[in-house]
Amino acid sequence: MNYLRTAAAKLVGLDRRVVFIAVFVAVAIPFFLPVHFTAVPEEETIQFDNALVQALQSEKPILVDVDFGPQTMAEMEPMLLALLHRIFQSGHKAIFLTFMTEATSPIRNYLAEMESIYDLEYGRDYVFLGYASAYAYTMYGLGNSFSAYFHRDDRGTPLDRLPLMKNVNSLRDVSVVINIASNAFPRFWIQYSVTPHGFDFLAGTTAVGATEYYPYLQTGQLKGLLAGGRGAAEYETLLVEKGILKGPGDATAGLGAQSLALFTILGFILIGNVAYFLNRGKAR
Amino acid sequence: MLSLNQNRFFLAVAVTLLMFMGSTVYAASVQADGMSAEWFDTSRITHLIALLVFSGLFFYFVWRGKKGRPLHIRPIDAMDLLGDAVGRAAEMGTPMLYAPGLGSLTDPVTVASLNILSKVAEKGARLHTRTLVPNYGPLTWPVAQEVVRQAYTRAGKSREFNPDDVPYLTSRSFTYAAATAGMMQREKTATNFFIGHFYSESLILTENGAASGAFQIGGTDAVEQLPFFITTCDKVMIGEEIFAASALVVDDPVSRSVVKASDWFKVILLALFAIGLIAALLEAILGPQLPGDATIQWLTAFSRGDWL
Amino acid sequence: MRDRIAYRLPYAVMAVLGLFMLVQYYIPHQVVQAPRQMMLQWKQPLNGFIILLAIVGIATVHVRKIYRQERRWGYSIITLGAMAAMIFVGFAYGVQEGTIFSDWFKYLISPIEATMFSLLAFYVASAAFRAFRARSASAAILLVSATVVMLALIPAVSQNIPLISEISAFILKYPNTAAKRAILIGVSLGAISVALKTIIGIDRTLLERDGK
């Protein structure tokens, strides 16, 4: 018993480097083992797709604001790719923009990939408006006018020469606004643009940031939410079920690492508590 | 500033008129396509009423505060510990670190944080303890520097102020976290403050501080970062406590009255929420055909927080 | 006199512009909205000057360090050198895809930042280990609810243990959201107070000058 208590005392003050190594091992293992996990779509994810289906039935194009950089690419990229397949598979048109300079070059690559898969034509099927600074002002301003904030698109073409932009003057002329972001931009969209102008708004965020948006889901200011890598994995499953994706993508592949990391953290919490209680007995 | 004498009143009227004339001329000179000719956005009436009620309370309590009637305000743990936190660093002979967050100068929480910084730096200066202020926003930086300089001046130690203690680091969040963590470890800061708006880098900042054994006071209005602060800091100001603390550190009656006003507004809100809840329950039980349905609908919508 | 004007002018500007922004929210008429549009458009070029301020900020700190040969001044040379190199290649060869600037960004800055972001997983684990202990009743509630939410995030668990997803969703949607709303309302009121204080000029810390 005494031996146990000494061990407990040591565990209470466990060096955090031990925790780090354990997490590292847990995250690394699934990449070498052929373990497969699947996610079951939750309510928010289904809501997200339902709202998108509604938008896909309209004639108006979809506006997608992509705001994530290389830092969070592992978590956000699968989500965006699933969404792009969803939009372009159904033959819908979409306008893209970003408020993050480092997002521009990845977006060009994703869109080029889509162009070759679905045989899209730039300017007619999709447009990339490029980077805009002063996000809050632009988000608000787009409710009145696109041309006041974007004179040319990412390739330097004036907006009025793009067939897709002919009928798009303001946010009233898009069917839904979707923000795939690793930062607080969905909140700014809601505060600065959804509230004054009133349109359907969907968001995809990192897992860390997602909890912030549940209140907005309830008030309807947000129509659907993809929450982090897990939300993306759920969406992949949903799209596979609907026959839009051929197989699950990177988000589903990441579930293994995520699950094992969570198990490790839970294990440490358990150890910490057991050790704490044993140690408390000793202190008495 | 508040007492309106005649001259100021006429000046205010003149400025308003000039602005109105200027903007009319400007509006006429540009092609204002897609713009409205409505003079009032009726969909925002609830919002306006809420603002007017709040402003009414605000000015009432400011007026009371100016008359010098004492106002009682609930103490804030983290704020009461500010002095101890500064004292700890002074005893250990190491500097303090004060991160005013990643918000811009237009975020009210940044303004509130700089108010608290002013007090912390002043206390530190009196005890010959440096305050390191790593900055994220290039606009916040000169202001923070000036705030700390003024704090040293008030403490009568203006010669001890070193502008390099208040540097601009970077505007990339994770780079900022790395640089600040490095600063904490190199300078072995005994006390760390993280007060302002933070994003996902918050845990990197506070966990590094916790690992070095520093006493930490956190505070943020970013709800999703609060759990990280609560697990890694010794004391945390939750949301509006920062605004209250920023008013209370000044310790003058007018600032206290501002806190009082927002407390009373919360009482009004709670009462409305209760009414809205009862109304919604009544509607659910009695069906939508009861008299005064429009009022109930409005109250339900209001208590749901549609105006926020 | 000139001193007094210089001292008061910032307050006047803040008050006038603050009031304008407040009023415009309720008035959709173009007499108000057109100047607002103009102000918003002015904001964009102004952002450029902020970057200039940042460059000056970094340069002054590090030049001073090198000049005085303070501790670790070697790093300051690296910082200044890196900044100068980025600015030079950006202006000389452009910033588009495939240029040196874009490559440095992609292959140096991005991986370094991604590394910092991934550290979060480790820090979350070590913070959870130290903090999630049932020291008191409220800490125990936090511990239990955190455990349920985490378990529900693991597909192998949520698909095999009944009700765990529902309980987790309940925790996130109701108690969690209610607490968040309460904090959010408090924050909004606090923010309005600060804004009002700034507009009427009670809050003077930011513009304080020599004890005035």
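The letters A, B and C name the chains in turn, as written, and every chain counts its residues from 1.
Everything that follows uses one rule, which is that a contact is a pair of C-beta atoms (placed from the backbone, for glycine too) under 8 Å apart; a residue touches a chain by one contact, two chains touch by 3 or more.
Computed from a predicted model, the values in this text were never measured in an experiment.
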| item | value |
| --- | --- |
| Most centrally placed chain, judged by C-alpha centres | C |
| Chain pair, A-C or B-C, that carries the greater number of C-beta contacts | B-C |
| Mean-CA-position distance for chain B and chain A (Å) | 29 |
| Separation of chain A from chain C, taking each centre as the mean of its C-alpha atoms, in whole Å | 19 |
| Whole-Å gap separating chain B and chain C, where each centre is the average of the chain's CA atoms | 14 |
| Chain A: positions in contact with at least two other chains | 16, 71, 144, 208, 211-212, 215 |
| Per-residue overlap in chain B, given as positions that touch at least 2 other chains | 35, 174, 200, 223, 305 |
| Shared-contact residues (touching 2 or more other chains) in chain C | 33, 113, 116-117, 120, 124, 126, 128, 130, 132, 180-181, 184 |
| In the complex with chain C, residue positions of chain A that touch it | 14, 16, 19-20, 22-24, 27, 37-40, 42-43, 69-74, 102, 105, 108, 133-134, 137, 140-141, 144, 148, 208, 211-212, 214-215, 218, 230, 233, 255, 258-259, 261-266, 268-269, 271-273, 276-277 |
| Chain A-touching residues of chain C, taken from the complex the two chains share | 33, 37, 40-41, 43-44, 47, 97, 102, 105-106, 110-111, 113-114, 116-117, 120-122, 124-126, 128-130, 132-135, 143, 146-147, 150-151, 153-156, 158-159, 165, 169, 172-173, 176-177, 180-181, 184 |
| Residues of chain A that touch chain B when the two form their complex | 16, 71, 144-145, 169-170, 182-184, 206, 208-209, 211-212, 215, 219 |
| Residue ranges of chain C touching chain B (in the complex, touch as defined) | 11, 16, 20, 25-35, 38, 50-51, 53-54, 57-58, 61, 64-65, 112-113, 116-117, 119-120, 123-124, 126-128, 130-132, 180-181, 183-198, 200-203, 205-206, 208-211 |
| Contacting residues of chain B [partner chain A, same complex] | 33-35, 174, 199-200, 211, 222-224, 304-306 |
